[in-house]
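First chain A sits with chain B, and in the next complex the same chain sits with chain C.
So, the complex of A and B:
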């Protein structure tokens, strides 16, 4: 009963959040200067041409009126038509979303692996030079933003030692057998490991750039949480049972230290997804973020609205997922 | 010579200082016997137990001496081997049952883990053993308790679980560090009785840390009195109560409440006695620096 109620409450909050995001974006992009129709037509187009096209896209009406029309459409599953691409918005956005999801998840996996491993290493070798080195690395990782890491990585592994691709999602020459846009996932399902490898070589650097700041945060917080458990009675008791320090850290400390880190990862992951906008641009990666920048440049109002709505939905879903995982992992909540 | 645990001339200092927290400690526990370890707060009682179990805080380092467990010097072993040796033959009953169980692991696993991982038992045998021990420590419905998490149990129940876990591996030596001080007074008596019964039934040697001489008289056969990290008296319990030798012991005994006359007690230890035992510690320190 309480579970159902809290779930309903959650869904209501999500709906309000999405509506709020939609309202704000809708009005803001109409207030800033720049006319999407003028961007679309060749220079020298007549006033009447502009007026005619504006009327076609409903841009001649008042902003609240436009909003009502848009909202009615959205409720019926119609997100409007992209002005610059002249196609319905939703298929465009959903076509790009998988690329961004795959990139974000890959980045998250890298961040958790690097952050987790360095936190464990720093705990195992606490008080040594290894720990000091990890602390320094975390400090650097935290103070440099993802887009600067992207530039460093492009110079390092794109130019100096060109072992990774610095542009695109997959080699243009590749014959694609895919029916979905989830290329990485589908390449594994189809056992096309040649394509899988090509995809990874393209994804690796943008993902790493996104992952480094998050890895530093994960490492720092997890190491701190682990350290706090090292003197707790149950950890000390496990040592007297004959276990090695590695085992004690992994099976006694880690399960309890992971919970606060998990909550933080959830919050930080939404920042990471936000970071894809710039990173995808830098690496010419054909995802939603890259499309968002084009949409803004072209003042493609319907497309911007669609993209923002999808991003906002992603953020709220991530938060929901984190809370659910937290409840699942914490025995005290599980039995409450 | 046939003591199961023999601590010889053990000295420890706080890192970065020269002051000793353990002062040339000699202490032995024979197989099957219970030795009490008493002394005021900060005397170093827990330190001795931690030294034996290899869990000294990193701020403390041992500078001389031997800890022989079943004839083998723990201090001469590499860390991995030392931990394994300790885990195989010794066990700890901790002071605070509320913090000594891992909140995110089930009770059953916290009893069977050592049996399976360190002693190489099968899961089935370890579970059967855990059930048997939970029954022995008078826990109702042991099946259900095995599947619970610590927060679902009361403090007294948790201490019973920890006692079961300590005895489950058939250790030759158990170190109990004030195992009842964190509990309610009513529960204290039950737990103390339980520990005494379990010790007698299993014939386990025990080092029993306490600051309560009343408890010593009920549980222990031998007694070491610790003052400022120095053993000032080492006697059989019956002799000690009949005729304590050291002035500090006498004062300690006088300060212990007697059940016949609970109000006549609670005298602070005489200042003159403290001064003389402090002088004794200083003399020992001077002598120690010369060798």
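So, the complex of A and C:
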């Protein structure tokens, strides 16, 4: 019951947050310099032409008036039409979302695997050169930004050893039988492992670039948590009972040590999704981030609003999911 | 962290790159030509929206659609879908002859009706064509047989030039009316050399050669244009052998790669120039300050040092390919003269004139660095300029509102080579693109807009250019050179407009 009430409260807060984000974005992008009409003025355009184009795109009205029109549309499911792409905003944004989600989840999986494995290794061989090497690697992973990792990976696996694809989401020559935009998921369901492999070869470098900094954070935090639990009574007891060190770490320490890491992963995942903007651009990956950059360059106001709203929704949902998972896993919160 | 740029990393690493694999891939027979393109294609309708006036996208449009009139690589017009065009004697009517035997990509015949409908649609303000003000100078457009005629509502000497410029495309009347705007976006057809096979927004477009193209079937049966907007990634694409052709990369990268085994480079001047707008506000109202600012810039050294020699210094807004280019108009690099002029207005290196100069950073090659160098040159003669970096979107907005700083760096493109679309729109006060509102210049330019005598019109623009240069109303800097890298198995014909056209590429 408490959990349900908490969930409903969170959903209500989410709605307020999204409305707030929509208001802020709507007004801010209209106040900052950069008018979409000025962007498309051809040589020789006159004041009349500017007025004509402004009216064509509904930008001749006051900002509150524009907001009311937009909000009425949103309530009726119409998020406006993209100025540059000349198509309804929401289908465009939702069409791109799966690509970004797949990339982000793949990056998260890589980060958890690398970070988790190195944390366990660091704990198992604590106080040795292995732990020192893991600490150094974590330091490097954290201090180098994802876009720089992207460039290093492009050089290594795109140019020097051309194993992976540098740009795009799938090879242009591939015939796609997909009906959704969740290509990776659908390729597995359809047992099209040729396409799955092609998708992975496109996704690997951007996902790894996004994953490396997060893997370092996961590794550091989980290792620290594990080390702290190693001195707790129940762990010492398990050790005195004669359980192996592997058993002690995996079965006794890890379940408790993983909780703070889980919360952190949730928070960091939102940053990781934010990081896709630059990474998708670098790898010409056809996701939401790449579309966001184009929308900003073209001052495509309706598209920017749609993308920001979807990003905001995604972030609040991730936070909600993390909180709920944490509550479910943590008996103290579950019964509070 | 910010001091390490992506470019620096690539350059540093490049020295270690082994290119053994490149030669093999590059020289292999090319079945499918892959081009790493520098922009995305937002929309397939080449006549509406922001992409219609984006010069870089025109190369993709021209692969699928034909313009009314063909433009050759040297910018000169040639018969295309229209084989003849012109005015009647008193310039009250235009007539055009339409090429026969041409078919649309769906196999239906191309007719004069398509031309008349395309012109009428372009002139209709409801479609949102940004060049509507030009197309609307033609009214009562009619098709009869293979002829199209129209009345001239307002004489526009450049109307036929716009027919191979922005939004000057012929679209299929029957098909468009059948499928509508949305259907056309989903499955565009044209009469151009390539047909759209597959399009993934922000990723790629795959083109198939049009076997019935009136200009002859293109050399490459399949062309994939990948949209790779990041220059570093484009360099990696060609270096790894994943692309056969790419364009617009740092000149240092171009120099590094063009001599590599299996790769070649083409670098030709295009119709884009770098310039500094001067706004008629203080201190630019003082002719000595303007002239000193112009004479203090060593354009050749800027091009040599910062653009690795890839640029052509210019002294007017006309490049050598433009119709009104006059080589006799020059503005010499003369720092001593600059000092003397400033001294006449009471300024010196110890007591400099101060103003702001705006520039983009990274929008054009070395834009910020060029302005930094210019500010350094100015400082030596008695000008202290403060640099403000802004986004290109802000530049457009400020320029349209006539609120640019006293000096502002910009690049201007004019792929039809007419003086109206260079000097005219950039310097005519009432134009939203001009920030110099001097009445004397307006009076000189105004009669030229409707001048029917072509010889007189061009001579008039040359006189305007001379007046501008003598009074330093703008500071033209250089003409850009477009770097194109390609594998040695492909021969690329560069187009002076800057459009990279797959149908002009052949097997070497």
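We take it that the second predicted complex is superposed on the first by the 320 of 336 C-alpha atoms of A that agree within 3 Å, B and C clash if a C-alpha of one lies under 4 Å from a C-alpha of the other, contacts with A are read in each partner's own complex, and residues count from 1 in each chain.
Definition applied: contacts are C-beta pairs under 8 Å (C-beta built on N, C-alpha and C of every residue); 3 or more make two chains touch, one makes a residue touch a chain.
Note that the structure is a prediction, hence the values are computed from the model and not measured.
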item	value
Three-chain arrangement built on chain A, chain B and chain C clash or fit	fit
Partner chain(s) touched by A:113 [first = chain B, second = chain C, both, neither]	neither
Partner chain in contact with A:284 - chain B first, chain C second, else both or neither	second
Chain B or chain C, by number of chain A residues touched	C
First (chain B), second (chain C), both or neither touched by A:167	second
Partner chain(s) touched by A:83 [first = chain B, second = chain C, both, neither]	second
Touched partner set for A:298, first chain B, second chain C, both or neither	second
Which superposed partner A:154 touches (first chain B, second chain C, both, neither)	second
Vertex chain A; arms to chain B and chain C (CA centroids, nearest 10 degrees)	150
Closest Cα approach, chain C to chain B, once both complexes are overlaid on chain A (Å)	40
Footprint overlap on chain A, comparing chain B with chain C	none
Chain A - residues contacting chain C, complex	33-36, 38-50, 52-53, 56-57, 83-87, 96, 143, 145, 147-148, 151-152, 154-155, 158-160, 162, 165-170, 172-173, 281-284, 286, 290-291, 293-294, 297-300
Of chain C, residues touching chain A in the complex	1, 4, 6, 9-10, 13, 17-18, 21, 32, 36, 40, 42-43, 45, 48-53, 125, 128, 130-134, 166, 181-182, 185, 198, 200-204, 206, 224, 226-230, 232-233, 236-237, 239-242, 390-391, 393-394, 396-400, 414, 420-421, 424-426, 430-433
In the complex, chain B residues that touch chain A	53-55, 57-58, 79-80, 83-88, 90-92, 94-96, 99-105, 113-114, 117-118, 149, 151-152
Interfacial residue positions of chain A with respect to chain B in the complex	127, 231-245, 247, 252, 255-256, 330-332, 335
